[in-house]
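Quick one: the structure is below, questions incoming.
Letters are used for the chains, namely A, B, C, D and E, taken in the order the chains are written, and counting of residues starts over at 1 for each.
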Amino acid sequence: QTAICYNCPVEWADWGTQIAAIKAKTGVTVPPDNKNSGQALAQMIAEKASPVADVTYLGVTFGIQAKKDGVVTAYEPANFKDVPAGLKDADGNWVTIHSGTLGFMVNVDALKGKPVPKSWADLLKPEYKGLIGYLDPASAFVGYVGAVAINQAQGGTLDNFGPAIAYFKALQKNEPIVPKQTSYARVLSGEIAILLDYDFNAYRAKYKDHAKVEFVIPAEGTLVVPYVMSLVKNGPNAANGKKVLDFVLSDEGQAIWANAYLRPVRQIALPKEVEARFLPATEYARGKTIDYGKMAEVQKSFSDRYLKEVQ
Amino acid sequence: MPAARLIALPAEKGWQTYFAVLTDSHYWWSLVNTLLLSATVTVVTLVLGAAVGIFLARTPFVGNRILLGILTLPLSFPGVIIGFFMILLGGRQGLIAQVSDDLGLGRVTLAYGLPGLFLAYLYFSLPRAISTYHAAAQAMDPALEEAACSLGAQGWPIVRDVWIAELAPTTLACAAVIFATAMGAFGTAFTLASKVEVLPISIYNAFTNYADFATAAALSLSLGLVTWFVLFLGRKLDASVMETR
Amino acid sequence: MKTDPLAIQVEACAKTYPDGTQGLLATTLRVEAGEIMALLGPSGCGKTSLLRIIAGLETPDHGGRILFGDQDVTQRPVQARKVGMVFQHYALFPQMTVIENIGYGLKINRCPDHERTVRVGELVELVRLNGLENKRPAELSGGQRQRVALARAIAVSPRVLLLDEPLTALDAKLKESVRDELAELLRRLRITTIHVTHDQHEAMAIADRLAVMRAGQIVQVGIAEDLYRSPEHAFVAEFLGRINTLSRSVEDASRDLLLLGGAQLTCPSTYGTKVLLRPEDIRLSQPAQSIPCGIVLQRQFLGDRVHLRVTIENQNALLIDAPRDCKTIAGERIGLVIDPLTFIPCKDEK
Amino acid sequence: MVSRRSNSKVSWVLLCVTAVVTLFMLTPMVLSVTAGLVNQYSQGVSSGLTTKWLEQVWASYGSTVGWSLALALACVVGNLFLGIPCAYALARSRANWARIFEDLLTLPVAIPGLATGLALILSYGQFRDFRQSFYFILVGHMIFTLPFMVRSLSAALQRREFVALEEAASTLGANFVQRLVGILLPAILPTIFAASLMVLTLSIGEFNLTWMLHTPLTRTLPVGLADSYASMRIEVGSAYTLVFFMLVLPLLWALQAVGTLLSRRYEN
Amino acid sequence: MKTDPLAIQVEACAKTYPDGTQGLLATTLRVEAGEIMALLGPSGCGKTSLLRIIAGLETPDHGGRILFGDQDVTQRPVQARKVGMVFQHYALFPQMTVIENIGYGLKINRCPDHERTVRVGELVELVRLNGLENKRPAELSGGQRQRVALARAIAVSPRVLLLDEPLTALDAKLKESVRDELAELLRRLRITTIHVTHDQHEAMAIADRLAVMRAGQIVQVGIAEDLYRSPEHAFVAEFLGRINTLSRSVEDASRDLLLLGGAQLTCPSTYGTKVLLRPEDIRLSQPAQSIPCGIVLQRQFLGDRVHLRVTIENQNALLIDAPRDCKTIAGERIGLVIDPLTFIPCKDEK
């Protein structure tokens, strides 16, 4: 009884708990998988003739792309109807399961007394040299989200990535670390002091791993992004895959996300103590949504430009 | 069959894909980086590896075999471990950073740049060079060196006229393997996520970022061809060296 | 560039290898200035060990001393001893041409270029390598390589020349001619020379004196004739050529008698119960009453002579070296003529 | 050996280089081992020693060790089956194609593992059960390691002494199988062993290909390592490295010792 | 288990190697049943090529045939020819003990276990390896290995025994004794044998007949005495032993004269302008008017004889083989006694 999920890493978004719950409630084993969104999509395309995965978890733009590439198939899990339009594919090729807000995940200890940065502009200050990390915008979805967030904050649009490119160029002076994979642990170890990452990861570090970590929503504004799941077309264990999708959209599955400081897509009440640990709503007001379809469309041209001009 | 598939792949996207390395400056530089890095690593590895190999082969001391065992141990390490080692050594929280911080020089971080990549490549190349040279030095005919000594040679002339000359075939063979390994090294570069892009990473990016298999295959072919050509030259050179013996 | 030859004095030199092997027991040997001394002995007897101690490639055990003339060189490294060496497989530098090999020592010793060219030219002439100047060792025959090695060793005008089995790598036919050449060349050079070999003919052909070694020790030193005719040990007699060992009872010995092939020969009692006899000291004749007789078991024609193996009463089979025109065939009965003066006493020190 | 004093200056340089290189090679290993045993890497040993990371690694990645070893062994066995006939054919063939084939054998070494992996997926990916099993990775490892095996065996078989051995056996009436199995293979056993060890080592450490070929259910040790380095605590990655050291190295060392013994025994 | 010996007939066998080298030119040779034939010649002359063609390890060029008795075996693989071979470096199976090596052929040929044990025991006895039965080749000395190789080859009662330089790997002293042993053993076995060597003494000591080869061709075949005394080519004369080449003018030749050391000797005009003379055919005497005289240039004492090199008028320096008690020293003037019958015509076919 297994269902293979691409891009379900135990150290991310508390998939560890989710996987355990799925096993307990549905009997389906989901082996952890440490790809990022880009890797997952590429692998699915390569394996299109005979897929290995049954379900996949992707940043929204990759979900849209996956549909275009024809590697996922329509499935409307239980509670599909509760998901607001715009956060799901009309046919059910992908559906949001939770969202997150991008910001700075800061290991305060690793700053060695330097102030916690408050804005995108702060990151360019020389005092943060060598302290910053962000995931590869050309590969990981988080990386791309960061780029779009920066672009919007710096006055760009999805048609004009000039500001983001300029910002990344300027940021290179601070010698950032640019991994391709989730780097949660490196923040905890202090290897990376400031990582562009989601709120939920930061809260987990702070409250579960008791690290001296703060989450910052940059002053110039940021992006809220949905994470989606899809059923893989012709997956080997489609039935099990469906069970997984059903579960993550169930009350119980959604509650697990909530307990892990993710915003579940369905309107379920957050537990009080969890609610209290989020930054105040006023801060979250700076988190914007965007046309994710468009965002998916321009991703390739941005990646190309980024690779050419920044690297 | 897989090889044929690999060769045929780029054609799906038009024949010019084959020349991606030549036409796209990004890939071109990536290839140049890879070549330069591999060549430098090869040269430095040979020098250091030869020195250590020869030393261990000629100097009997307690623990000699154990030291050799330890030094050649990383032969079995996956590239990822070595990338990680460099982070432990030269990362922000690494040993070098701590020492330099204590010395008041700030946190010196070299893991993610060219130096890190260089050191990592050196790390996985050295064991091979050391073990190869150790074996070769043990097999060296002591008479040649003794002949040189009896003629008054001492120090550097012996290194030049006896060691280097006698180890030339070993050096060529070893250089070829090290160079090829360095050209294809992926795990290490992947772990270090270095700012310096090497061709295996470019291939990986082409693959994962846009699922662009055609380009990935074309780049692989280019990398393979370049490496194979260098190996081929090495073998030709080796044959001519052997002829003088 | 000629230097006067120098005597070599080896004093109580022993060699114990790190693994405990006693390669050489305490050995004392004097080689006169300009003399050619052969170290002769079976494999493993310590010849190379002794030579390498003299060269400075090994240090003797504590207490040993090496003197060149009256200079103590025991503490000097090989580079400072000014010895020329020729190795068993020549140890030519494979990447260098003939003249580069020959000139190597001169170059190392900072001999000016033009002087070097002249000297190397002379040496090429001396060892008759003209026309091969720019060949590499791999392109030379064994004999030619041997000559390059020799020229290289003498180019620096060494005070002492050390040869470690310089002919072993040559094949039978070539060995003989190179041996004669070498003998002649060394005699012309007049450098004090030590020549290691396990081939008795090579030693006798080349050296002025021979030191016969066994099991880490020198057994006897002397000129070839003396060692051959009056060996102090059966081992020396045996090592320098083929030999017959005759035995007799204590009683016969006391009566100065030796029984051989039905005849009684005179042989002094002082010679003991074992007596040696060289194959070439036995002459053939018609079988007769008063002389030892035997039956030819095997006949080997070797060109310049004939080897016979003869079964004979009272003794083990006898080897006889007959002249090449000896017509005797296997199975024939022959008589032997032996001059009692040719008996050699067997002082077996074992 | 040449007496040491004759070359003391060079010896000094060699000693220094050796010392520096030893330090360079050893430091990361030591760092890694300690990091895997302390509570909090950033605080060092003062944070206390613990085996909890080791336990965590064993729980989530323990299976990769077994699989990697099994895979490596299977790879060796497979290589022997394919490699020995190949090497023999190469060594004994006087034809030109053999030389060309020998040159071609270096190709898998030159082509990056990623590409080989991609090609394998595209070519054989559609066989689902095969694709999802360790056999798929095994095939990849074999493609990668076979050249090493074939080249070293064929080099050995071409050596004059082994050609002579084979000829001796055939004059005594031995047929092909008897010669190969009864004479040649035992005679080159040290080489076979060394080559197998090499293949084992390569397979255990292989990441590039495996990274492409593995599925979440077929993870090998290096893939697991990459995972844990990328996204787990530094202590976990280190503990994983420690597990690698403790389980794989003794095995490799023991095999190496056997190999040395073997070649001693065969030395002529 | 004894089989009757078989004659070997080589007919027009040539060998061209894939690289174009003519290893052997078309060669015809007959070896009689039970005969021991030596193939003698310098390195590279094609001895091994011929031997391997006979063994079936190489195929001759088109047109060549090999017959064992009257059976054409040209197309038979080596396994089917029932030949025993001894290789230069013995090619003993390193993983097997002495008795396993010796018994290998029997095992392959499905000889029952007990029979094999008996036969191997006999062979161990025959080649005197008792006590070494369970040693591996690496633990044996050169001479012992050689004997194992021989025992292994004859264990299967081969119809033909082929030896490729079986003594080359031994050192000088050992070689001589193993040579005699081998000669004796082969004679006892009475197997048709071909023995390749480049050592003339080895060939003469072991073989019944010799085939002297040069540059891919057999130059002369015959018994040792004939080849030595009446060589058909200068090359054969030279290869079988040391020789002096004397020259004379066409005019002298026509007058049946040879000028040597101031004397006129008789030598038939039919011998041509170059005449050969063996060193052992020159005897020494007091210098006198009517006989050739010369001055000793070099004297080499070799134990059983003395080699002299003598400068002499009218000719190049002369080699003389004198008996060992010759007291002549370098520089001395001597007279030479030469029997004109010992002159050998030099039919140089070059």
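In the analysis below, a residue touches a chain if its C-beta (ideal position, glycine included) is under 8 Å from a C-beta of that chain, and two chains touch if they have at least 3 such contacts.
Values in this document were obtained by computation on a predicted structure and should not be read as measured data.
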**Q.** Set of chains adjacent to chain B and to chain E
**A.** C, D
Q) More C-beta contacts across A-B or across B-D? A) B-D
Q: Report, in whole Å, the distance between the mean C-alpha point of chain C and the mean C-alpha point of chain D.
A: 53
Q: Provide the C-alpha centroid distance between chain C and chain E, rounded to the nearest whole angstrom.
A: 25
Q) Between chain A and chain E, what is the gap in Å from one C-alpha centre to the other? A) 88
Q. So how far apart, in whole Å, are chain A and chain D when each is placed at the average of its C-alpha atoms?
A. 38
Q. Which residue numbers or ranges of chain C touch two or more of the other chains?
A. 57, 77-79
Q) Can you list the residues of chain B that touch 2 or more other chains? A) 93, 146, 149, 154, 190, 207, 213
Q: Give me the residues of chain A that touch two or more other chains.
A: 46, 179-180, 189-191
Q.
Under the definition above, what is the set of chain C residues touching chain E in their complex?
A. 42-43, 171-173, 176, 180, 183-184, 187, 198-202, 204-205, 224-225, 228, 239-242, 278-280, 298, 300-305, 307, 309, 321, 323-324
Q) Which residues of chain B touch chain A in the complex? A) 26, 87, 91-93, 107, 109, 112-113, 190, 193, 195, 197, 205, 207-211, 213
Q. Which part of chain C faces chain B closely enough to touch in the complex?
A. 18, 55, 57, 77-79, 81-85, 87-89, 91-96, 104-105, 108-109, 136, 138, 152-153, 156, 162
Q: Can you check the complex and tell me which residues of chain D touch chain E?
A: 94, 161, 164-165, 167-175, 178, 182-183, 186-187, 189, 265-268
Q: Would you tell me which residues of chain A are touching chain D in their complex?
A: 2, 4-6, 9-12, 31-34, 46-47, 49-50, 52, 109, 179-186, 188-191, 236
